[in-house]
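First the structure, then my questions, so here it is.
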Amino acid sequence: MVIKKAHVETTDRMLRTLELSFLNEEEARAFHFIPGQFCELSIFGKGEAPFGIASSPTENGSLKFTINKAGVVTTALHHIEEGAEIGIRGPLGNGYPIDLFKGKNVLVIGGGFAFTTLRSLVAYLLHTENRSKVNEITVIYGARMPGLLLYKEELLEWEKRNDLKLIVTVDWGDKDWKGKVGFVPNVLEEVAPSSKNTYAVICGPPIMIKFTFPKLMALRFPNERIFTSLERRMKCGIGKCGRCNIGPLYVCKDGPVFSYAQLEKLPKDY
Amino acid sequence: MEANWEPKILAFLCNWCSYAGADLAGTSRIQYPPNIRVIRVPCSGRINPLFVLKALQGGIDGVLVSGCHPGDCHYLSGNYVGRRKSATLKRFLEYLGIEVGRVQFSWVSAAEGGKFSQVIEEVTQDIRRLGPAKQFRKRSDEFGVQSSE
Amino acid sequence: MIQQKIREIARELLTKKEVDLIIGFGEGTLPLRTTPRFMRNAEKTDRLIWNSFCENNLAVYLPKFSRFKVGLVVKGCDARSAVALSLEKRFKADQLFLIGVPCQRMVDRRKVKRAVRGEILQAREEEGILYIKGDGFETKLNREDFLYSSCQVCIHRTPLQANVLVDDPVEEYPLTEIHPEISAFEKRSSEERWRFFEKETSRCIRCYACREACPMCYCAECFVDSSRPKWIEKGLNSSDLQFYHVVRAYHQTGRCSGCGACERACPMEIRLTYLTQKLNQEVKERFGFETGIDRDAPPPLATFEAEDKQEFIK
Amino acid sequence: MKFKLEKNDFPSFLQSLIDRYDLYAPVKLAEGVSIYKKIDHPDEVDLSILNPQKPAKDIFFPQSETMFRYEKVGKQNQMISMEEGKRDRILFGARACDIEAISIIEKVFVGEEYTDVYFLEKRNKTTIIGLGCNHPLSTCFCSSAGGDPFLRAGSDLFFIDLGEAYLVELLTEKGMAFHKNKFFRETDPKDLTLVKELEEKAFEKVGFSIPVDGIEKRLDLMVENPFWDKIHEKCIGCSVCTFLCPTCHCFDIVDETSKERGKRVRNWDSCLSALYSQETSGHNPRPSGRERMRQRLMHKFYYFPKNFHRIACVGCGRCILYCPVNFDIRQAIDLTSPKRIKKMKGEVI
């Protein structure tokens, strides 16, 4: 694929969003995915790494990935110029269970740069063709600092909509920050969305997920209606190389999206 | 040995003395063989044995580490500590079967442009006599599309 | 009896709660083997054993238990590793109680296996004789003929650094020659020496058992695992294998107690101690340093003398 | 179909294989150390070690395997996949446990959804000649682990050492291709009786003493058992057991480069190494030996059977023989038995 556009998302310059377009129409048409799936992006000489797809299937023609600069591949993806070619394998994994959401409320809880696939999900649900399929959409999104929030312009647009309830919070505010300050699990407790007829979707750092589960339990969300997208070190992405299993399940192949009902029975290897 | 083989020598020069010595050799127009590639390091004590091995692995035929004379270290004792590392590393590599002279050490001060050129001359001659380094060298034809692997 | 004494001391330490756990040797599941045991219960200290097969260097576990008070059963070499570790502040000296065993030197199980035909099913030792029983054979071997080569050249068998010695110090054998194997090796040409190194390392399977079995290999990130910078690749390229073994050994300069744990751990039986022993010898000759003897002497490569020899420097 | 191969003819037979195939067989590297390797000369084949250190999986899933190579030509990336040699391959002299293990790995690599082409191509091109195990070691427990010393499943041809000769069984279509081999002679009824005796002797020696039966159900209840707090303690975290295990199949994928040229390589990896599961962020879902040892044992005896209906252990005993600290998987299995668990409380092994 070709890097169509690239821009830095956050003030610490650690997150960069790449917009990729396919080399030819045929490939673009053949690529179908659902929110929550991921791809392996590959740069020759550096290697391959998995990234959740940040764009929605409803945004035709290109794919977006937001990349946190951490290792060898991600650093290379931060330095890559517009117009360069990179390799892609995917879509991989199961994605969010969007069929289950039909006629229900959806509560989206995100933290930090894990918001990427949730952005895909929300954009998908907000699309005119899909919006009527689900009832209320509530989004709780937190970052450490205001400068680290992703997709700021889009968040402003979502804020204006009346068919979506958006709560943005930061762990530490600054002088310009007028919004909420507080950790995501606490904000969740405070907002206390009703669990009635509602599915919860969580994605964030392991520590946030760990503290959010009990809050959802307290709000009487049944285990089967809590979904989370997990992160694990991956190599092959297709359940062969072995490293991403949680019990008998492989995050790359059977996940990355799991219900809490599934996870409850497994070792806490995440 | 290839007919027109020229030794490739990597010189790690400390910023404060040997690098300045090389500079002086240059500005004084003192001739020395063009076989060296220079990497400037803050101090001869900065040399990690990994650097030396990595150079040999990547196709370098000889390595020179050069720093300030004892007592002249910009960081007071860097070259003293480096000297211990160099001594053990050199003996160890020779014990393994790396030829004597493949990895060399020198003290060159900022005022010794002449000595610098002389050291380079000697090292180049030594390496030329030893021929291309074989130990540790990685074959580069393992990579790429036209590989013979 | 050494074994009895170890049990008594261990029991006492645990009962008086002077240590949280004892790390010693227990019965192995294979003939000619023992296995590390972690003992927290004073009642069970009679499961600790001592014989000629206590080949592991238990100091390797110390960094892992740095938050506990540990009673450690040590031979001469193990004790010196423990001292070297506390010198590098991996472990506070007062958290450690060394139960020192003057070492009768350990039996090389591979040498014994090579001396017999067929699988060994039972091994027992008595008065310096190994009684070996196998599939259809039975034999007696003289223990002294089957010692580990690292034990044969050991000159610090009594762990003088220990908090308690379970037996009288053994008589140390000052070697006439520093290390016969090394001096023989050094007489060979550089091509022959390189060929030997090449052949040995070519068997390496990158399992890193040599690294993990070594008490001194505790780096949070080993140079082989570093991706930035990436020093070497992780495959089986001969150059990478050589690179790994040179650096692994060299990183032990002035830190190796010569216990031979690296070589014993290697499933491919790569000769490794001829590398580390050479470095030990070099450090001793050049800097007069021996690992773990002097509790206060800094590691030789972390210090210097203005008068250090520099005959090799132009 | 059964034949006999005189040992006098054995070198010539091997040579005839070398002429037509890429032959892989055990080769001695040093005293007591051998691996499976491509054979150039019949003399290299060494069957004296029961199981070479490196298992036969190395022939189908090499420890370090180039997947493809690439090069930058101008601004374009060019890439080529690695191709297997043109010749068919023979694996000779592997024991039943190693061969059984290949079919275990195959369950993972040849899946419904995705197939590992690198493995499959090698597998399809290879004729497997198994060798009966007349003298199993005391560390062998293949019978307990669902196999036996003379298990033919997975072999195309099967050899049994009769002393002066080999009994040769042709078992599959690939094996039947050898029925006109000029070195094969007719068998004697005597030989078959001898085979029977050898089998019985070996079966008796291996026995069924390791309580593998039902371990999946036992481990299901042990995910958070205090058992895991202690059992890993002596493990030093090297990769001997996993690399030498014929069924372990985890790998890592890395790029190796030299200037503008490079290759993508996959190397064996081990769940006992700390970096195996370490994420780029620094978070490690299996932060200590406890989780890593649990992963190794649970994967073999619980997760794998759950997905593929067979434990991922063939009882070859390599992990027992070569462990630097004498961690014995038989003991670990034994300790999961309910009465042991109850008795143990704090002290394990």
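Observations
Note that the chains take the letters A, B, C and D in the order they are written out, and that residue 1 is the start of every chain.
Methods note: a residue touches a chain if its C-beta (ideal position, glycine included) is under 8 Å from a C-beta of that chain, and two chains touch if they have at least 3 such contacts.
Bear in mind that the values here come from a model prediction, so they are computed numbers and not experimental data.
The interface with the greater number of C-beta contacts, when C-D is set against A-C, is C-D. Between the CA-based centres of chain C and chain D the separation comes to 31 Å, rounded to the whole angstrom.
If each chain is reduced to the centroid of its CA atoms, chain A and chain B end up 51 Å from each other. Distance between chain B and chain D, defined via averaged C-alpha coordinates, is recorded as 46 Å. Each of residues 138, 142 in chain B touches at least two other chains. Shared contact sites, meaning residues of chain A that touch two or more other chains, fall at 71.
Residue positions of chain D touching 2 or more other chains, listed in rising order: 70, 79, 252, 254, 256-257, 260, 262. In this structure, the chains touch in the following pairs: A-C, A-D, B-C, B-D, C-D.
Interface residues of chain B facing chain C in the complex, by the touch rule stated above, are 49-50, 53-54, 57, 70-71, 77, 80-81, 83-100, 104-107, 119, 122, 135-138, 142. The residues of chain D lying in touch with chain C in their complex are 29-33, 53-54, 63-64, 135, 137-139, 230, 233-234, 236-240, 243-244, 252, 254, 256, 265, 267, 270, 273, 275, 289, 320-322, 324-328, 330-331, 346-347, 349. Across the complex, chain B is touched by residues 185-186, 190-197, 223, 231-232, 237, 239-240, 242-243, 246-247, 249-250, 253-254, 275, 278-279, 282-283, 286-287, 300-306, 308-310, 312-314 of chain C. Residue ranges on chain D touching chain A, taken from their complex, read 70, 72, 76-77, 79, 108-109, 111, 113-114, 116, 223-224, 249-255, 257, 260, 262, 264, 266, 269, 271, 276-281, 283, 285-286, 291, 294-295, 298-299, 302-304, 306-307. Residues 26, 28-30, 33-41, 44, 56, 60-61, 64, 110, 113-114, 119, 121, 135, 202-203, 205-209, 211-213, 225, 233-237, 261, 264-265, 267-269 of chain C are the ones that touch chain D when the two sit in their complex.
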